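Please find the structures below.
Consider the two complexes below, in which subunit A is the common component and subunit B and subunit C are the respective partners.
So, the complex of A and B:
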């Protein structure tokens, strides 16, 4: 199978459309129509009520994507998107904003996608920790929980334990800061561990969080959770109400959906800019070879802590907002399986990339939602899908630029004139 | 182009690096048993010895990867810090015996990582792209390109380090070390596994580095390299300095031949 794809890749190289080519207007038109097409495919797919039909639809769409990939067009598309990334970004945001208007006033899928937005922000945060710095964190959902509880307790929950209601922006900042603080507290003693050991210890800390929240009834009301978190009201705008826009009535959740888009854009901005900075390079260097990174002048302890803190802060912010969306928080939302889902989203989508984390979170949310009929075997199917992807596409669905290059690059001294010339005149003994 | 920006150009009688009585034990094994070692300004010092003589362990003691059990190491008059990253920041840069590049980063990115300890932009500056961020990135980038050209890899910047040919990987390690603006460069077997042609290329590179005024310490097994390049050679045998001196003296010393080949029967 992999040999087959390899030979196809080789053939695809020689096809005329293998590289980003064609007039600029055509490329831009292609980017815009592909983004529009993705929106259309999503909307049509979501409208399919019946599970079996949805599976058939999913299979057809997957087959089409694989066919595109094999024909070499997939390569052209990814090159085109890379060279017109700004236009692609604008088109993507436009499609995301347009989505609620396709739902005919129904809030169901808008609500699911608002949750995906939250999940994606957390996945991007985890992507800093796992994808960039290479620190496997299996208790990551704890930071999400810290943010959620901060949001619930400071956001004026009816059934809370602290009688305050701070303004929303303040709550978001505090939620992010508290989560970052917890990240540093957990990270300081554990980050001297590497690889599997770190994974096990973070797993332990995740459980400690859940159990603490379950038992600290004075603050968290234990297993009952904190309920009655009010809808956000910023100025005269109540996020819980229906609003009319362009004559289309939008469900209450649409407001949160738009808030999530803004939040997600912020997270994407933070992620990409960190990635393309000296700090991002240092993280990747630590992932690649920690000893060499340290020997090259990188304070690895400090940078690993920073990765933990920034990842935790992103999860914390996502959690804070989510507590208002769900209107209640309880310990059973922050179990080990949630951490695993987040890691799966990052690995499935492609480590270290923004589109990967977005696609991973979307698939992990939408597919279970659609396969409700298979409640019993859902996790089994999910596991099989993960195994298949790891077998046939270990780099993730949307691999990072660095990993793509690894798969494309040939030997640079391969006689194609790309080889590095030797330095200066070589003295002969 | 200048390589050594951290070097004090005034003539200085004090040694650049001074190590005295360095001892490193691993359990019952004494890997380095009381080594005195010094490097003067502008010198190329060769460190040779049979396998297991403790050369790399001694390097690790110098660069903070190992903490010596005893002994004192000073760099330009100051005691060396403990952590490896602090040692690098103080001005000692090294390459590794087994190449330790960042394989999934491009050649250019590898060199840029070396710039980390000479730049300072923080999280806020990285996210907002304000303050010193843009200036630093621009400077680091042009510096990294210069260094790639300097070591002879001007057009390899976009290649992943893992995909470079072996000899180029060694050169890239040198460029990465130079990017930290060292005042002393430590090379651990820079020509290991190279053919004579490639070895000659690296010799030329080390000479050009010295011409910039940067002192170099080099561990090597290639005697043509050592005797053709070094101003002074230190022979390490079983963790102790057997002898040191000009290459010709060392080469003529029967004890050195004996250490490598054993006593004639």
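So, the complex of A and C:
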């Protein structure tokens, strides 16, 4: 055992990122207790009923985080987490699984977090497109909608138009595949465009999707939407029922919550593997300077198309599952503002990172739930937040470590994951 | 045939609004290569500024032409103020930022303006009635009937376009604008205050949008905080159609898009249900097949 620890030490010292101080057992204990602490702080925060108290809570938590950062502990923590990323991941999953048991049988926050899970999967997909490949997609929610409608129509909706009910795994795969197909169809002609133009065209496609769904009553029942989507049943397990576990009765939503965790893990795996692969590096190269990337022999069109398809597929899968969670789909759920919410989640958390997308999604869901008093001005605050983030912290709350290290040297444009500065005319053949 | 001519005229009226807004897009893009997403909201803010002037400043019993002039001034002042603040607080700090940053900021500004009006303008959560200050019988030209406000929209667009073109071609400021669009660094070396030129560009764009907003309000008799968003996207389409950065192109694009929209709605099956789709179809088609637009020059990437 001690030899094993010693070899860990040795390995750790030879790696460039191993600047984290302290013996390994202390680091592991720190990782586990920090993850536990985050869970505890979250549970405490969610239990606060009143808006003003919650604002105080937010202020205290933010102050604590800033204090950690200033004292240098934040840096130690983030390095420790990097060098024990597996333990951190296991602890994180354990904390997520433990969460419903802290709610004393109430399903309210479990339900909210199940929605956050769906949203986060889509945000991760968008993060592939925006964060890694640098393609701003303002109609991304359309892919989510394609998945949701596929899930609804093939999943045996009571008020549907197609009389089939395929098994859930098949529906998920089809939903993802259809969304990816739509992504390719949209991407193929438009990905030659750069930057701002692509953003407007994707916005246009998003609107076209919504209007099509609204008008194609034969398939989508138009504005009425498809309703009566049944609860998932996989084998003998009915997701809609209450189940007992360790003597604690868990609301029906807990099943979906656990399903979301599994999905999210899958999405995180896809994202990180992509990010660390040759493909991920090619995307980053395209994002930073497309012309240079092309000159280096990167097939930019194909890789951009791949980013689009993968992002779309992730949104499609999330949409498919979500249609069963919400039990109905209608065109109003796929408006421009929903796409903007997704972009905001990615931007707020930090472009191109997994924790960024997760944190961004969580904040965007939990804060409006908690600050009901500000329900009316939610969007206004949200617009102000977008402006302020771009002005003062464009890299987001959790910046991408790789990028900060790679690009901070003397390149004023780099490191924030937003691509190269605008230069010269934009549309290029 | 007479119905076609009538629809053609309607298309021109719609197009004149697009043209006025598209001019603002195209000028700003020409100078700082920014798609000012929030420009459609500047149009909306102008309409609300005009309504506010009418409700709270114009005394009862003011003759219509005087009231109209006051409303126009109020609208222009409001829009210009919004645009200058927007440039100063949101865009200027990001002048050298990566390309996605100003675009995301522009979306933020757009949301802030919309929600600001919805929350803080009294009663703006639903559509508000707008005074119809140009009244009188519709005019008949041959077989075509055209309302007086509609005619005013076309004439205003024409006059302002000609005025703007002369301003940019003939005046010193116009020359400075052209120089800045060509090459900001060199322009600065030649003693041009680039920051000032950029602000002037935003101001002119905002003023044109404000006039369009007031005319639009008078024609439909009501305004709504949501009126700017789709209008902005369509005007942007018009600017792209004509060739972004090109004034004549923006006007041509505006009129063409208005015609396409009206005629497609009238003559294609299910046209009206798909009314808002045609602009996007045109936009995508143009960007895919001729990204430099009808009048734009084809340019290669600068490395």
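Methods note: the second predicted complex is superposed on the first by the 377 of 429 C-alpha atoms of A that agree within 3 Å, B and C clash if a C-alpha of one lies under 4 Å from a C-alpha of the other, contacts with A are read in each partner's own complex, and residues count from 1 in each chain.
Here is the rule we go by: a contact is a pair of C-beta atoms (placed from the backbone, for glycine too) under 8 Å apart; a residue touches a chain by one contact, two chains touch by 3 or more.
Quick caveat, the model's predicted, so the values are computed rather than measured.
Engineer: With both complexes superposed on chain A, which partner does A:274 reach: first (subunit B), second (subunit C), both or neither?
Structural biologist: Touch partner of A:274: subunit B, not subunit C.
Engineer: Where does A:299 make contact in the superposed view: on subunit B (first), on subunit C (second), on both, or on neither?
Structural biologist: A:299 contacts subunit B only, not subunit C.
Engineer: Quick one: classify A:37 as touching subunit B (first), subunit C (second), both or neither.
Structural biologist: Neither partner.
Engineer: Return first, second, both or neither, reflecting whether A:310 touches subunit B, subunit C, both chains, or no partner chain.
Structural biologist: After superposing on A, A:310 lies in contact with subunit B but is clear of subunit C.
Engineer: Going by the contact rule set out at the top, does A:223 touch subunit B (first), subunit C (second), both, or neither?
Structural biologist: Once the two structures are laid over each other on A, A:223 reaches no partner at all.
Engineer: A:167 in the overlay: touching subunit B, subunit C, both, or neither? Say first, second, both or neither.
Structural biologist: Touch partners of A:167: none, neither subunit B nor subunit C.
Engineer: On the A-aligned overlay, A:196 touches which partner chain: subunit B = first, subunit C = second, or both, or neither?
Structural biologist: Touch partner of A:196: subunit C, not subunit B.
Engineer: So, A:291: does it touch subunit B (first), subunit C (second), both, or neither?
Structural biologist: After superposing on A, A:291 lies in contact with both subunit B and subunit C.
Engineer: Report for A:205: first if it touches subunit B alone, second if subunit C alone, otherwise both or neither.
Structural biologist: So A:205 only meets subunit C here.
Engineer: Once the two structures are fitted together, what part of subunit A is touched by subunit B and by subunit C alike?
Structural biologist: 291-292, 412-413, 418-429
Engineer: Any idea which subunit A residues touch subunit C in the complex?
Structural biologist: Touching subunit C from subunit A are residues 130, 134, 136, 138, 189-190, 192-193, 195-197, 199-201, 203-205, 207-208, 211-212, 214-215, 291-292, 336, 340, 343, 347, 376-377, 379-380, 382-387, 390-391, 394, 412-413, 416, 418-429.
Engineer: Which stretch or stretches of subunit C touch subunit A in the complex?
Structural biologist: These residues of subunit C touch subunit A: 33-35, 89-90, 93-94, 96-105, 107-112, 114-116, 119, 229, 233, 236, 240, 270, 273-274, 276-277, 279-281, 283-284, 287-288, 291-292, 298-303.
Engineer: Would you tell me which residues of subunit B are touching subunit A in their complex?
Structural biologist: Listed in rising order, the residues are 63, 65, 83-86, 88-89, 93-94, 96, 100-106, 109, 112-119, 121-123, 126-127, 129, 133, 136-137, 140, 150-156, 158-160, 162-165, 168, 171, 176-177, 180, 197, 200-201, 203-205, 208, 224, 228.
Engineer: Which stretch or stretches of subunit A touch subunit B in the complex?
Structural biologist: Counting only subunit A, the residues touching subunit B are 269-270, 273-274, 277-282, 284-285, 288-289, 291-300, 306, 310, 402-403, 405-406, 409-413, 418-429.
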